[in-house]
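Each of the next two complexes has chain A plus one other chain: chain B in the first, chain C in the second.
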Partner chain A sequence: MLFTSYEFIGFITVLFILFYAIPKRFQWILLLAGSYIFYYLARPVYVAYIFTTTLVVYLVALKLDQKRAFQEAYLKEHKDELTKEEKKAFKAKEKKSRFHWMLLGLLVGLGILAVIKYTNFTISNINGILSAFGSSATLSFVDIVVPMGISFYTFQAIGYLIDVHRGTIKAQRNFFKFALFVSFFPQLVQGPISRYQDLSETLYKEHKFDSKMFTFGLERILWGFFKKLVIADRMLIGVNALIKDADTYKGAYVFVGMLFYALELYCDFTGGIDITIGVAQCLGVNVTENFMRPFFSKNIKEYWNRWHITMGSWFTDYIFYPITVCGPMLKISKWSRNHLGETIGKRVPIYLSSFVVWFTTGIWHGASWNFIVWGLGNFVVIMISQEFEPLYHRFHNKFHLENNRPYQGFQVIRTVLLMSCLRTFDCYRDVPLTFKMFGTMFTEGNYNVIFDGSLLNIGLKISDFIILFIGVIILFMVSMFQRKESVREQIYRISYPLKVCIWFGLFLMVIIFGIYGIGYDATQFIYNQF
Partner chain B sequence: MDELLEILQDLHPEIDFDSCDTLVDDKILDSFDIVTIISEVNETFDVVISAEYIKPEYFNSAKALYELIEQLEDE
Partner chain C sequence: MKKVLKYVITIALILVILFFVQKLFMPKYVSDVTEGRLIAEYYEEEMDHDILFVGDCEVYENFVPAMLWTDYGYNSYIRGSAQQLIWQSYYLLEDALRYEKPDVVIFNVLSMKYNEPQKEAYNRMSIEGMRWSKSKVDNIYASMTSKEHFIEYVFPLLRYHSRWSELEEEDIEHIFDTDVRFHNGYYMRVDAKPAKDVPGGEILGNYQFGDNSYKYLDMMTKLCKENDIELILIKAPSLYPYWYPEWEEQMEEYAKKNDLRYINFLELQDECNLNWDEDTYDAGLHLNYYGGQKVTKYLGDYIKNEIGLKSRRGDEKLEKIWNEKLELFNSDLENKLRELEGE
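Now for the complex of A and B:
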């Protein structure tokens, strides 16, 4: 059941009515039932996967809590008998035991994810190696169903487990409440990756109907549909045409395809997140924001702080920091400072951890080399810009560019182009082909095709280009309005007739200009596959 | 405290660590420095500053960092 399908509209309509009609104490139970029905309707077998992860993480988290409680009780009971050293040794022993339990939970949770997502990728690489050594033997691929949004719910559950292990949160004792945290349906499709302490604040609460919040939720859903159906799915027609016929569409076409894809991905992903946040808001649940106008970033580091925010912070908190300060890395830090000098040596652990994070980010996006190269491309660009930062700083100071508007505009365009270039690995999904096509942008010299009407042969009519142009202008204007405060708060304050005009206008645009057809079923969200 | 001040002073001799309480906020300490500090603290005080403590509140001043070390020593 896709967000942009009629079934989904019907599903949430029934859910919203039931949610506010039933006694409030049953609301979270309805959400759990609704979430599992949503997942079951996507494909019945998916339920088995999410249930297994939920059960294992729930049990391990409970065990961790029990062990922590036991430690506290034991130390309290033997406060006067134990020496300081004995207490320390006991705590160390308990800490180690808790770590092993957490490891078990991680192995099961991540193990399921790894087997499902990466078995065929591993087989394909083994076959490649065998073939390179002249062997004709090949391993057969395995027919595995990849459950919808498995990376999102696994990461959410794993984050919870690590937080319980760290003692920053208490384990949820009610299995069904925990199951709701893992399976809450609006964010099953493509995130965001919520933290337990954030989502649980409103997920289990009893909710009275709040017309303002409900309207805000509906506005957000409508805005998501606009981005997805009017812009992203229209862009997709052009992107598909340009990518699928790489022999014909070289040079300037690659440049156009690159920019189209960047915008398509943005509208597709943020549109989906808007629908997620909007649906949750209609149900009184606050879901963490995942984007903060990323295309207004002045550098790539800032871009990653504003794009897919929950994934970035997840990787930082649960992969980057733990690797950077783990025992072996601290030894590497010491060794490298002693042998390579302070300046280079202190960079080694950060760069090694960053490498791991970006490699993981790449492979998380998809089990293929193009995603890994894309991830490592980001790593290289970020490291270079970090090293050049003092130089940039001096340059900005010398020419007084810190608050210079035109220069800031240049920085924004530079970041958009840089990120779009890296995304071409995502477009062609073939590393050598991507390099080849990228090179043609500088060798073909056919930039006249942008203006001579040739772009009308990629499946988009002149009317499509006009709609896209207007759509992008609306996107830009909304982003500018957002700088001050939430656009929905601004709409809330205007007169009712004007408000209705905005709603109706947006609704009509989605209905009239959305990409539909006979027997239409909206295109899958790109991030759904992760 | 003196041992900690020595570690910090080695990294940034120009800073008065007794009074400065915006080491992270003012970008005096960067991520490279923080890993170096954690490594040195680990060796000098035999305490492990794990990932969940990498927050500005613990690294903004020498005093806050020293309190963290004392807390971890007690654990």
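Now for the complex of A and C:
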């Protein structure tokens, strides 16, 4: 059930009505039932996967909680009998045992993800290696169904497990409530990756109908539809044409395709997240924001703090920090400081941890080398800009550029271009081809095609370009308004007729200019595939 | 109260605008694919027909209701549309029976060859013109291809929104146009294109008509029997698409088994005196007005002699209606002939 399908609109309409019609104490049960129905309708077999992950993580988290409680009770009971060393030894033993339990949960959760998502990738690499060594033997690929949103719900469940292990949250004792946390349907498809402490605050609460919040939710859904159907899916027509015929569309076309893809991805992903947040808001549930106007970032680091925020913070909290402070890394750090000097030595653990984070980020997006190279590309750019930071700083100070508007504009454009360049790996999904196509931007010298009407041959008519132009202007204006405060809050304060005009105008734009229905192929959200 | 009124006015305004926008975006079928108007025109009629035709282009281009009136005194109407599938014919008949009860229903059997929904564009032309009723709902569900959605029939704007870049003056000019342009469902052509080198039928893997087709033919037979209507099955004399002997056999057998009359005009070409050099406008697919007159004469004689349907000439009300219709018919005929001469 695509977010932009009639079925989904019907599904949420029925759910909204039921949600506020039934006794409030049953609301979370309805959400759980709705979430599983949603998942079942996508493909019945998916339910088995999410249920397994949920059950294992639930049981392991309970065990961790029990063990922590046992430790506290034991220490309290034997407070006077145990020496300091004995207490320390007991704690260490218990900590190790809890760690093993957590490892079990991680192995099962991540194991399912790894087997399902990466088996064929591993086989293809083994085959590649065998072939490189002249062997004619090949391993056969396996036919595995990749459940919708597996990367998202697995990471959400794993995050919960690690938090319980760390003792930052208590394990949820009610299995069904935990199952709702893992499967909450609006964010099941493409995130955001919520933290238990954030989502559970409103997920299990009893909700009274709040017309303001409900309206805000509907506005957000409508805005998501606008971004996805009017802009992203229209851009996709052009992007597909440019990518599928790489032999024809070289040079300037690659440049255009690169920018189109960046905008398409942004509108597709943020549009989906808007629908997610809007649906959740209509149900009284607060879902974490995942974007903060990323195309206004002045550097890549800032960009990654504003783009797919929940994924970035997940990798930081559950991969970067644990790796940076783990035993082997501390040893490496010590060794490098001793042998390579303080300046280089202190960088080694950060570089290594960052490398792991970006490698994982890449492979999380997809089981193919283009994603890995894309992730590592980000790593290289971030590390370089980090190293050059003192130099930039001096340069900015010397020429008084810190608050210089035109220079800030330059920084923003530079960041957008840089990110768009990296995204070409995602675009062509073939590493050598990406490098080849990227090179043609500097060798073909055909930039006249941007202005001579050649772009009208990529499946988009002049009227489509006009709609795209207007769409981008609206997008830009909304982003500008957002700088002050939430646009919905601003709309809430304006006069009723104007408010209705804005809502209805946006609705008409989606209905009329949206790419949907017969003649257009319904397209999945890009992040559904991750 | 004031707040409620505010919301009511807002909703009413929105609905009015949406209604206008929807009307604007829907195809008008005025200068192109005019057959798209056929089904809706029926509701502009005085529903008191003696004969009702149901079927595809092989009925609405091959039989001339005006002639059935002038020569036989039969008030007839054709509920046909392009590639009208058998279940569409059934539901159009069921729909018509809500308004009137004809003595004779004539169904062209070519659509028996389609056991599954075919093309969305043809579905639209057959269904959209229908007034809302259970028959229309059932028709939609029976006809939808895998890519279609019921809601897009309820709100056609969702289907036609992509016309935003193709809107023309005609769409505004004819936004509420319900003018009748056809002659009791008859699509008149006066030009001729001789039928030469008509392709034969390709060898098929299976010549058996599908279960779904038979299901609706059974339903149509039952519906007519329940309403005491004489159902006549016909195969129009179109040379193409090819009508296989195996299909003919099945229809003959069905008619015999169900005690129905079956006329295959392909076998009556000589009796009808059809001349394929002059009587078709598209090389054998459909008849033009001259060919239509010939087969209508045969059919009129058949109904008069075999069924004994009484002429209604002299019925003042009908005479008046038909006088107006004939005036339009003759003027249209003259215009078309003039246009042809102009070419």
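Here is the rule we use: the second predicted complex is superposed on the first by the 526 of 530 C-alpha atoms of A that agree within 3 Å, B and C clash if a C-alpha of one lies under 4 Å from a C-alpha of the other, contacts with A are read in each partner's own complex, and residues count from 1 in each chain.
Please note the rule applied: contacts are C-beta pairs under 8 Å (C-beta built on N, C-alpha and C of every residue); 3 or more make two chains touch, one makes a residue touch a chain.
Treat the numbers as computed from the prediction; the structure is a model and nothing was measured.
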Partners on chain A (chain B, chain C) - clash or fit: fit
Contacts of A:6 with chain B and chain C, given as first, second, both or neither: second
Partner chain in contact with A:447 - chain B first, chain C second, else both or neither: neither
Partner chain(s) touched by A:463 [first = chain B, second = chain C, both, neither]: second
First, second, both or neither for A:317, with chain B first and chain C second: first
Which of chain B and chain C A:496 touches, first, second, both or neither: second
First, second, both or neither for A:395, with chain B first and chain C second: neither
Touched partner set for A:508, first chain B, second chain C, both or neither: second
Computed vertex angle (chain A) for partners chain B and chain C, CA, steps of 10°: 170
First, second, both or neither for A:70, with chain B first and chain C second: neither
Minimum C-alpha spacing, chains overlaid - chain B and chain C, in Å: 51
Overlapping contact positions on chain A, where the chain C interface meets the chain B interface: none
Contact set on chain A toward chain B in their complex: 88, 91, 166, 168, 317, 321-322, 324-325, 327, 329-330, 333-334, 337, 346-347, 349-350
Sites on chain A touched by chain C in the complex: 6, 461, 463-464, 496, 500, 504, 508, 511-514, 516-520
Residue ranges of chain B touching chain A (in the complex, touch as defined): 31-33, 35-36, 38-39, 42-43, 48-52, 54, 75
Residue numbers on chain C that touch chain A, as the complex places them: 6, 10, 14, 17, 21, 25, 120, 147-149, 151-152, 157-159, 161-162, 164-165
